[in-house]
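I'd like to ask some things about the structure below.
Every chain is named by a letter (A, B, C, D, E and F) in the order it is written, and numbering of its residues begins at 1.
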Amino acid sequence: MGVVVQNIERADPAVIAGLAECGVATVHEAQGRKGLLASYMRPVYPGARVAASAVTISAPPGDNWMLHVAIEQLQEGDILVLAPTSPCSDGYFGDLLATSARARGCAGLVIDAGVRDIRDLTEMQFPVWSKAVFAQGTVKETLGSVNVPVVCAAAHIIPGDVIVADDDGVCVVRREDAADVLSKARAREANEESKRARLASGELGLDIYDMRSCLADKGLKYV
Amino acid sequence: MGVVVQNIERADPAVIAGLAECGVATVHEAQGRKGLLASYMRPVYPGARVAASAVTISAPPGDNWMLHVAIEQLQEGDILVLAPTSPCSDGYFGDLLATSARARGCAGLVIDAGVRDIRDLTEMQFPVWSKAVFAQGTVKETLGSVNVPVVCAAAHIIPGDVIVADDDGVCVVRREDAADVLSKARAREANEESKRARLASGELGLDIYDMRSCLADKGLKYV
Amino acid sequence: MGVVVQNIERADPAVIAGLAECGVATVHEAQGRKGLLASYMRPVYPGARVAASAVTISAPPGDNWMLHVAIEQLQEGDILVLAPTSPCSDGYFGDLLATSARARGCAGLVIDAGVRDIRDLTEMQFPVWSKAVFAQGTVKETLGSVNVPVVCAAAHIIPGDVIVADDDGVCVVRREDAADVLSKARAREANEESKRARLASGELGLDIYDMRSCLADKGLKYV
Amino acid sequence: MGVVVQNIERADPAVIAGLAECGVATVHEAQGRKGLLASYMRPVYPGARVAASAVTISAPPGDNWMLHVAIEQLQEGDILVLAPTSPCSDGYFGDLLATSARARGCAGLVIDAGVRDIRDLTEMQFPVWSKAVFAQGTVKETLGSVNVPVVCAAAHIIPGDVIVADDDGVCVVRREDAADVLSKARAREANEESKRARLASGELGLDIYDMRSCLADKGLKYV
Amino acid sequence: MGVVVQNIERADPAVIAGLAECGVATVHEAQGRKGLLASYMRPVYPGARVAASAVTISAPPGDNWMLHVAIEQLQEGDILVLAPTSPCSDGYFGDLLATSARARGCAGLVIDAGVRDIRDLTEMQFPVWSKAVFAQGTVKETLGSVNVPVVCAAAHIIPGDVIVADDDGVCVVRREDAADVLSKARAREANEESKRARLASGELGLDIYDMRSCLADKGLKYV
Amino acid sequence: MGVVVQNIERADPAVIAGLAECGVATVHEAQGRKGLLASYMRPVYPGARVAASAVTISAPPGDNWMLHVAIEQLQEGDILVLAPTSPCSDGYFGDLLATSARARGCAGLVIDAGVRDIRDLTEMQFPVWSKAVFAQGTVKETLGSVNVPVVCAAAHIIPGDVIVADDDGVCVVRREDAADVLSKARAREANEESKRARLASGELGLDIYDMRSCLADKGLKYV
């Protein structure tokens, strides 16, 4: 603990922007159904949709000192990702830190802990995905680390990985896989578009996906 | 497992429509305070209010194959009710299945598991009550059953039962009791209307419901 | 059990109004980071912000009789605070009780249990912070007490204490401390205003709060 | 509510005894992987293993009156099954009720709520599976019902059904299926015995169950 | 925060010893069903039964510094009661602190957080009731207070109150009520003894407590 | 998914044996307070203490096929570590798999899901740390992977890492750090031994660790 890694690699901004458009569910599918954070990670307000490079923070429970350190490491369009070293719901982050982070180009926060001032965060439209909303204050006494690998809400996140987040939750894409995942996600979207039209017309998935014989082989009985 | 019951009886559409107007709290009271699903079942977006006949699905954990099978069994105005055979939060249902279900006349979904694409579901105004929002994908490998009795979020639901759902949660009414419950719910509403006016004028429940002597008999002390 | 305390002292209404303006996070900080209710206490709809004197209720699980008793004890601007004597999520409170409470000047409800009719509560803009939304009905069989000290969602609340509640949750301020806490909260707000401007301009907390040498002393390494 | 059904049918005692020997995991498998109660139902002390006919209780939250009523309905070897009408962890049952139940031939208790006096229950070796251990007392104010169908810990239980319970949890077998399930469970045990010997000798499940080609067909890669 | 109260009053040791013999369930009933800590507070090993005067600790999350301070304040037979200022499961306490506390006469620990080294605690027979077992280490950076009122696991505890704890959980008795509660608990035990004998002989609670007419008045139907 | 890595490196058996002797709490401290699995991972029976090389399994929810595949990859003294790809409590593992695993030299199982047949596992003294005990059966339909990195109960585990587990829970040590962590753990034990003797004699941690002046500097007040 007590390390700040200053130079991390990031994915191509155009790829990141593309992943934001695809959204969490599509990206998660496109990369083989991995990388989802736990379902308790919920947006503070509905409607936000972002993709951004992760600046990670490993912080002690109830201690938000490293957020100040991490903000200095932000580049335009990065997202902060905070994982406490043991489970904690305290309010690490509020409107002052959001103001500071935004001034440094921050695209949002993913935190496996609590946040506060959520009325202000909503007014600012500063997107946050968190485990809890809790006004409980934190201290600045113990070191953590910035830009080290963390496990956040059951996902392993490496600094510079691409975080995709929307109303469905949060997903992480390895930096080196981002371009490939984007192209698979785009393909998936195209495929879904044609399926959507057929389904909307009343055609059944049973027929579109040719499931009937397979179901019968498995023994499905209609009575 | 592996059975699809194709012909289920449904309640009278006019009765179902009436129950939707009454809402969950009133219907639950009118039928003697039973039939509520667990309080963790929450709407994906606020404001939806439906009543519909249940097309039930018993599905393996993490396997949404039977949703495709069930959609074929829908009649106009039915609601899908999915109970996994063991606890699961995976995202069984998203915008493609909602498109397909709506094309078949589906009024919504009640699922003791997860859903995804909730921005799309909200835009479509396709009402869903679920245990979780989670983008985790599911497979299509193992059979379940359609239109068999299920226990969903602590309630026993029989195919064709009437599901009433709104911002307060979800309640099930036995098909054969639906008309009787509606008339009791209507009576309850009428009675509440007169009470509401008296309470709004500042009259106390203590007096309207004549509670003072009963409280005194039980030993309530004012100090 | 079975006691109603009729005369409780309340804080100065101007002080209470001031605390409402400051909000939960600021008040909690201003009084030394104490008095927060547990983070599971969430508003029924977003945007409400109140401060009010607590009229407390200690109620049996699944029994809302004492709410009727408590409503008679309300003075203009009070808030009801209900703690069940054992954990319970039943729907103690709905639109009829809200109508009655409002007619008596009630500013809202804080309840470590469930509520129902939340569409109506939202339309009325009657603010409620609760542990659950659940339509489950309650009985009126067993006495509880009104205006006795309670532990509500992990906070010790004395009748007449000031309850501050907003989108961040709920905080209790001892009645006798209210004026002092308000002045500290005002000072904190003034201080934050100047900090916010500097942070918004891109200045770092590391510099504003002079953290760099302290971090170095603790051993933080930049690599 | 408020009904006591006095005559229920029970399964053959020899069949019930056989199911007890097979245990929960085997019985659950033998009947097609259904009937399990939720995993939060845990024994108060390790080592108990019972099967018995269910005398069911639907009880209000925090009210144990119906336990007294149900005890009169017990026949030798029955088990009490209590489901509260809304979630509750209060201590409905302790050493006095266990003494009374045992005097009436009761084989144990399954309760989707709390129990107390567990030191005494352990000394008496009165087996209990519960959601919680909690000393919180209950009242005797509101009616419930005895020997009506209940949903207990996510399982639908009909009076007279066979309850099988051991260190793995609790499973319900429909009364009319009990003999058939027992014969399937016996067959399963016999089959497992031969498998156990082969596995103990170091033979692999991959070979015994002939999985290798199927895994290869699905695309498993060894690297 | 940051206060150590050195002189607290304690109840009569004979009274405390008597309460230990009665146990949690009886004491809780005898004092009118109040004072129970939440049911998630479980003993680290079964069989311990203690009563002792509370030396309370209000500690920051993940910081066990105040335990060292509190141990100096112990008198023979006291019990440590630790409440974190926000929810935390870290392992505040292990075999070294237990060794130190025991050397100072400590009767045990009640902690609304985690403990570790539980094999050692069990071998030492040092009784602990905790929310969690978790090896996660804590720091010594931030002050808390000793012998101030705390809310611990939903109960309000004042230094010098009597803590009663056994396999059923933990209960607090106000110091000034301890003698009175003991005499009520003794009376209750005597009464229960005679009831137990009658129940053991097969007499029903329905008859011993004369419930039949009351049940009939409420409308209970036997069918 | 669908990959089995057959050759993994393991730590020195003597180092692994040493880590087992030190136990979870000491190892966790010695490596800088990292690597702990979540506190919900509990042993199926008390008293087990192991250290072993991790053979990891990434498995679909409710599908235990990969356990059979993994058992073939075991070397003497390895431990199985199973992480489902989405949260699941099903009973993946019971006495037959334990028999097979033991025959192949397996030291135990760490599983972020459920197990069953725990009476048998206890009799066999086959150590298991799990999230749940649940008899729910699983299928064999969908591939997972063996010996790939997994996140298990909030810890990132790489095949060949050393798993240390006892009554305090489970900790992972990177394979390449194992020898260094062992020497630090040994040093820590030696240091603790001398401290334990001083604490047992009644000397205070306040004095042994020289905390008094630091506490005073922070502002601790004795009153």
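Throughout what follows, a contact is a pair of C-beta atoms (placed from the backbone, for glycine too) under 8 Å apart; a residue touches a chain by one contact, two chains touch by 3 or more.
Note that the structure is predicted; figures quoted are calculated from it, not measured.
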Worksheet item: So which chains count as neighbours of both chain C and chain E?
Response: A, D
Worksheet item: What's the rotation, in steps of 5°, that superposes chain A's Cα atoms on chain F?
Response: 180
Practice prompt. From the options C-D, A-B or A-F, choose the one that repeats interface C-E, i.e. more than half of its residue-numbered contact pairs are shared.
Written response: A-F
Fill in: Whole-Å separation of chain centres (CA-atom averages), chain A against chain C
31
Discussion item. Averaging over Cα atoms per chain, report the distance between chain A and chain D in Å.
Written reply: 42
Worksheet entry | Computed distance of Cα centres, chain E from chain A, in Å | 42
Worksheet item: Tell me, which residues of chain B touch at least two other chains?
Response: 33, 36, 39, 85-87, 89, 134, 136, 142
Worksheet item: Touching pairs of chains, which are they?
Response: A-B, A-C, A-E, A-F, B-C, B-D, B-F, C-D, C-E, D-E, D-F, E-F
Worksheet item: Can you name the residues of chain C that touch chain B in the complex?
Response: 2-6, 65, 68-69, 71-72, 89, 91, 94-97, 99-100, 102-104, 114, 116-119, 122, 132-137, 140, 142-143
Discussion item. Please output the residues of chain B touching chain C within their complex, sorted ascending.
Written reply: 23-25, 28-29, 33, 36, 39, 42, 46-47, 49, 166-169, 171, 192, 195-196, 199-202, 204-206, 209, 211, 215, 218-223
Worksheet entry | In the complex, chain C residues that touch chain E | 1, 32-34, 36, 38-39, 85-87, 149, 151, 154-156
Worksheet entry | Residue numbers on chain B that touch chain F, as the complex places them | 60-63, 85-90, 134, 136, 139, 141-142
